[in-house]
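Look at the two complexes coming up: subunit A is in both, with subunit B in one and subunit C in the other.
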Partner chain A sequence: MERKTKVTAEANKQEIIITREFDLPLELLFKAYIDPEIIEQWMGSKAVKLENKKHGSWRLEKKDAQGTVVFQANGTIHEFVPNQKIIRTFEMDNTPFGVQLEFLEFEKLTEDTSKLNMHVVYRSVADRDQYLQIGMDKGVNMAHNQLQKVLEKLK
Partner chain B sequence: MELRRDVFQAIADPTRRAIITLVALHAMTPTAIAGNFDSSRQTISKHIQILTECELLEQRQNGREIYYHLNPKKIKEIADFIEPFRKFWDDRFNKLESIMKKYRTKK
Partner chain C sequence: MERKTKVTAEANKQEIIITREFDLPLELLFKAYIDPEIIEQWMGSKAVKLENKKHGSWRLEKKDAQGTVVFQANGTIHEFVPNQKIIRTFEMDNTPFGVQLEFLEFEKLTEDTSKLNMHVVYRSVADRDQYLQIGMDKGVNMAHNQLQKVLEKLK
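Up next, the complex of A and B:
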């Protein structure tokens, strides 16, 4: 499958840039970021609070089947321009990972395609590198399979 | 002062990434690599040197010519570091995309 999501994490920098092109009109892409029900479907966490406006705040919560909260995250919205950009902070509760600053830019490519540019800034290079490892849990098996294929081609 | 170079610095540069892509296809001489770029031979040599220092490229002597090969072990090191994170976001965004496609047809 084509790799649509690109991640840039240069050495000795405290930022990550994630870009992705979607087969979706800009308005639908943006809606996926501001509608609490839709957020729950793709992020797996419920938006128990989401104030889509400048100086608003948000809170995500994920519960297991028994109703125990297993994941919480929160932040404030610094700037909110519909179909253009969201600037916000993101922090996970009860973890050693500190707060991060996110610049989300939404861009129309064609009537039916759009692009998201996500620029995430961390407090330090060490924080950033630690954060990069989080993806491990979910992605590691599939990533290895993928990589195996690439490496076999190189041989 | 000696600069500490690691693989991540090596791939931060677009020309060096392009060299990696070229050599990934087949082993090449420095002249053949430089032939693919508008930059001077010297500039490309410098890039090749950095990639070699970081062990992304390996030299092999073949007769009178030196050929550069890709070092898959080192490439894997880079991929292992970033790939799980990328995969995590790719999965999420794939989900977002399919949910919104359904959402559109429902409307």
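Up next, the complex of A and C:
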């Protein structure tokens, strides 16, 4: 059965719930969020800074073939508990999208499967709706498909 | 006219808007949020860590007369623009209160007056309502009164 990311966005709320089950052991799923090389493989952006610790911070960057930066995002890491949770801020640079607060929880299902529970909180309903309008739900499913593909080679 | 902090909390929302005008120049109001010694005077807690910069972090601590820690809070600083804005996370340690995202905007009104616009976003409506239940609105007004009192000595 093909797995799919579920994005729940209740009307008039400033939050989104994202859940996805993976055919990956918990430790590999977590690795997908903390290893710069692996992040680049499934997200397509380079983690030019990634301090995996409480009160750390991070920065992603994507360049085109000419070396021009075409995407940048950054944030802080409020909390970091290996194989359990990451609480972080997220912002795309030079865009009208605001800063959001993300709660990522990593759950072991079986020895070979795991689940990501992500709760994203926005400054406003309008901020959140902007994300939905650009097809965020489809984008995150595609990214998670790629995550599965990249990480299962490491099993 | 005595100034008062206005706390707006719409029903079923996971956010609070806090505004307060101060009889202080903008620079002094901002100083109240970045100077460890001054923070201690109006908040009653010691800033044991306060990195006033983008991707910095902070920690507040209050001890009783016996030296026992009775209050601790911590967070990251997502964005820091002097005399304009601070975007930060906030969490009280060892409490059921969750992590919140705070947008602080500092506004010049006249040469001698300024305004704080604070937008706090919570993980859930229940999280926010917990804060209201402990009388957060009264607490923040008292704290701001104390801020005014401490800072006006520096004018």
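Here, the second predicted complex is superposed on the first by the 132 of 155 C-alpha atoms of A that agree within 3 Å, B and C clash if a C-alpha of one lies under 4 Å from a C-alpha of the other, contacts with A are read in each partner's own complex, and residues count from 1 in each chain.
As a working rule, a contact is a pair of C-beta atoms (placed from the backbone, for glycine too) under 8 Å apart; a residue touches a chain by one contact, two chains touch by 3 or more.
Quantities reported herein were computed from a predicted structural model and do not represent experimental measurements.
S.K.: For A:Arg123, decide between first (touching subunit B), second (touching subunit C), both and neither.
M.R.: Second partner only, subunit C.
S.K.: Regarding the shared-chain residue A:Leu50, is it in contact with subunit B (first), subunit C (second), both, or neither?
M.R.: Neither subunit B nor subunit C is touched by A:Leu50.
S.K.: Is A:Glu15 touching anything from subunit B or subunit C once the two structures are fitted on A? First, second, both or neither.
M.R.: second
S.K.: In the superposed model, does subunit B or subunit C contact more residues of subunit A?
M.R.: Touched residues of subunit A are more numerous for B.
S.K.: Is A:Lys6 touching anything from subunit B or subunit C once the two structures are fitted on A? First, second, both or neither.
M.R.: A:Lys6: touches subunit B, not subunit C.
S.K.: With the two structures laid over each other on chain A, which partner does A:Phe103 touch: subunit B (first), subunit C (second), both, or neither?
M.R.: After superposing on A, A:Phe103 lies in contact with subunit C but is clear of subunit B.
S.K.: So in the superposed three-chain picture, is A:Ile34 touching just subunit B, just subunit C, both, or none of them (first/second/both/neither)?
M.R.: Touch status of A:Ile34: no partner.
S.K.: Both subunit B and subunit C touch subunit A; at which residues?
M.R.: No residue of subunit A touches both subunit B and subunit C.
S.K.: Going by the contact rule set out above, which residues of subunit C touch subunit A in the complex?
M.R.: 13-15, 55, 57, 74-79, 87, 89, 91, 99-101, 103, 119, 121-124
S.K.: In the complex formed with subunit A, which residues of subunit B make contact?
M.R.: 6, 8-9, 12, 24, 70, 72, 75-76, 79-93, 95-97, 99-101, 103-104
S.K.: Over in the complex, which subunit A residues touch subunit B? Could you list them?
M.R.: Answer in residue numbers: 3-7, 9-12, 16, 18, 20, 22-25, 28-29, 31-32, 38, 41-43, 116, 132-136, 138-140, 142-143, 146-147, 150-151, 154-155.
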